[in-house]
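Shared between the two complexes below is chain A, which has chain B as its partner in the first and chain C in the second.
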Partner chain A sequence: MELILLIILAGSAVTAVFLHDLLKSALSLILASIVLAIIFFMKNAAYAGVFEISVVAGLIMVLFIAVISMTKHEGILLRESGFPLILFPVIFSLFAVAGIFVINRLMLQVNAGNTLQGTFGQFLWEKRTLDLAGQAAVILAGVIVVLSLFRKGKEDE
Partner chain B sequence: MLGYVLIPLVLAGLLPLVSRFSRKFLLDFLPNVALFCLLLYSLASQSGNIDSIVRQLFWFGQPVGLNLCIDGFSRLMLFLIYLVSFAVSIYSVSYADAENLGSKAYYYGLILVIVAGLSGLVMSSDIFSIYVFLEVAAVASYGLTAYSRGAEETEGAFKYLLLSAVASGLILFGIVLLYSFTGALDLGEIFIAARNPNNRAVVMVCMSMFIAGFGLKSALVPFHTWMPDAYTASPATLPALSSGLLIKVSGVYALTRIISVFGLNPAVSLVVVYAGVVSVVIGTLLAIGQTDFRRLLAYSSISQVGYVFLGIGLCTPLGITGGLFHLFNHSLAKSLLFFNAGSLEQSTGTRDLSKFGGLGKRMPITAGTSVVGSLSVAGIPPLNGFWSKLIIIIALVQSGHPCIALIGVLASVVTLWYFLLVQSRAFFGKLNDTWKGVRESGFWMSSASLFMALICIFIGIFFALFVKSWIKPAASAIMQGMNYVRF
Partner chain C sequence: MNNLTLDLVFAAGLVFLGLYCLLFMRNIIKLLIGVEIIAKGVTLGFISGGFARDSVFLAQCLVITVIVVEVSVMAAALAIVIRLYRHNDSLDIRRLTRLKG
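For the complex of A and B:
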């Protein structure tokens, strides 16, 4: 079951990259995100699953689709290099081989004894405060980037 | 200690509000004053020279977990971060106005977030926190790369973002593997876990992921392709900040810190030294024949980062000292050269070296400081770059790598050759008629260039004092792994 989900996840992510229609590409990404959330739930990572569905598959995709609906196709066709189409399967195969023969073997030896002490929130606040502050800084950086890239230019004024 | 991160971050958040009251003065004044104060503080903190560590604080009676540490290495990097960012900030006062970069609040905000991210990274004693702060700086730098919003800028930023995301993925995967096996994220705990013979396989896999991930961040060959495109199109301050700080801190510092925690072993040493020598050769060869000034500087950066890795990869006290000294010197000189490139571009409207000629008469400060920067990068005495390259070459010979030392010397000669070509094409000879109306760049841009050039000369003259007070403590922190494990 897990293997099938992983194949769907990789397939839909690759499709999202190679599709030319932005809307179909976003929908393909939603599928990848939902499958990833299911895998999180299966691995008992409920918090990660909830965030993946609500934020990535939900909020961000709504934003993507809203933006796509506001764009206009001006009939310009960009010529694309065929190089990624040749390179991608090679790199993907290399990663797959490394995953199966090295990472998979390593993961079988993992000791699953690293459990949290206290609730998830307590752990984050008491042990990972610096990371929480860092996450807040990432969000601040993202907000400033968005504001700076969508600032009013002279032509708008 | 927290002020290094919090002050720039809070100021970055406040600047858009400040811009409602003052559109110019306060927006220039506040970031410059804040960065100057933090620069002075980082300079003063060296006199204490005692390692500080924070594990837990209490906030309104509640315990909060913080893994922060400042040792000799972090202290050197903090000083470098605030030195270069202060120079960039001064330069921006005139540059942002002349380039019509739009709201200065967002522009300075992005610079301050990058500074906060890099400061957090060098003080973190936890591998996941290092990753988080790496992302803080990276997100802001993507925005700064695309800041001018043209097609070329957007393409450069997109390429940078994609390759940087691959690097982040590799680093994160390495952290996940490490945590799965050892249950350790704290560098002190990793120091102990990495020496357990049962963890040898996972340490090697993680190490290869970290070398690839941080190698990509520091533009080591073959992971260098993002750099020329990202540097060519962005505002001139981004490459100055990136070549001076981002690749040094989020690439070289992070990798060196991790190598020192994992243990300086011969296999890793060999990989890093050979990656370094390949970068030196390829970067130098690619820089030859470039007519775009910024692209030439980008390829030169790839080659100079190679020298840094050559020194650090040797894992000998002298090699590490040379590598760290070159890291510091190259940051100063390359930021200065990117300032010069920005000034030239702003005054003439082009980056094409073949179109320049005789500009030294019209832009004497840019020409003079550019000579200092070029000679420093090429390693000409008595400038700072000479001493660091000399230490690296001696360390290479001492550790039984005379051929690599010879390659280093030859690459340095080629570097001198192409920088002399740049100088002669741009600043010497007969003044091209097209540039008769050209004037020296703005006051603050020239001041920033002069400031950096004077520091290059000062460190070159007083190199022994600088090495003793700043570089040696940093090198000994690396040699000892994680000092604060013993606290």
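For the complex of A and C:
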């Protein structure tokens, strides 16, 4: 079951990259997000799954589709010709093997540390408080950046 | 091949696909799609690692942080894309040479 979901995830990510139409790419990315959220649910990570669906598949994709509709479709796929596609599986295999080797080595050093006590809310508020402060700061910074980018200047008037 | 290794293969594949997109695409929106795909690979790696090491709570906290940062980055980047499109009337990354020295 999980293998099928992973294949659908990879397939929708590939179509998001290689489709000519940007709108179809964005829709394919939404499918990838939903499949990823289902995988999260299967791994007992319900909160991450909810965030993936509501924020990534919802909010970010709405932003993407709004920007695609505000900009003219350029139609053609603008791809550099310097990278022969036949090398793609070879380099991908090297990348995957290196990733597995490095991450498996790193995994042995991670402490499993009794994090399953209590609820997720307690863990988030009591042990990861600094993360929450950082997230608030990042959101504030994002809002300020967007407001400053859309501020009307002399050129616009 | 156990579940963790399988997940890590697909996570590495997603990161590689995103890097490929960043390196070889010219459309700015496609580049942002590449960033999204890299983030998906990273979050899949986090959750799989957390599940395998019995630290799902910690993995979820990290994933939520990654998603929040991703939202801010995307909002700022898409706002920049709109400004650039109004200036250059194109989404081609190679036309953005005004800052070139």
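By our rule, the second predicted complex is superposed on the first by the 120 of 157 C-alpha atoms of A that agree within 3 Å, B and C clash if a C-alpha of one lies under 4 Å from a C-alpha of the other, contacts with A are read in each partner's own complex, and residues count from 1 in each chain.
Just so it is clear, a residue touches a chain if its C-beta (ideal position, glycine included) is under 8 Å from a C-beta of that chain, and two chains touch if they have at least 3 such contacts.
A quick note: this is a predicted structure, and the numbers were derived from the prediction, not measured.
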Once the shared chain is lined up, is A:86 touching chain B (first), chain C (second), both, or neither of them?
neither
For A:103, using the defined touch cut-off, is the partner it touches chain B, chain C, both, or neither? Pick first, second, both or neither.
both
Using the touch definition from the top, say if A:138 reaches chain B (first), chain C (second), both or neither.
both
In the superposition, chain B vs chain C on chain A residues touched:
C
Output check: A:151 vs chain B and chain C. Expected answer is one of first, second, both, neither. What do you get?
first
Could you look at A:125 and tell me whether it touches chain B, chain C, both or neither (first, second, both, neither)?
first
By the touch definition above, which chain A residues appear in both interfaces, chain B in one complex and chain C in the other?
103, 107, 110, 113, 127-128, 131, 134-135, 138, 141-142, 145, 149
Residues of chain B that touch chain A when the two form their complex:
5, 9, 12-13, 16, 62-68, 100, 102-103, 106-107, 109-110, 113, 116-117, 120, 124, 126, 128-129, 132-133, 135-136, 139-140, 142-143, 146-147, 149, 177, 179-181, 183, 201-202, 205
What residues on chain A touch chain C, complex-wise?
2-3, 6, 9-10, 13-14, 16-17, 22, 25-26, 29, 32-33, 36, 39-40, 43-45, 47-48, 51-52, 55-56, 59-60, 63-64, 66-68, 70-71, 74, 77-80, 82-83, 88, 91-92, 95-96, 98-100, 103-104, 107, 110, 112-113, 115-116, 120, 123-124, 127-128, 131, 134-135, 138-139, 141-142, 145-146, 149-150
Residue ranges of chain A in contact with chain B within the complex:
102-103, 106-107, 109-111, 113-114, 125-131, 133-135, 137-138, 140-142, 144-145, 147-149, 151-154
Residue numbers of chain C touching chain A in their complex, please.
3-17, 20-21, 23-27, 29-30, 32-34, 36-37, 39-40, 43-45, 47-61, 63-65, 67-76, 78-83, 85, 90-92
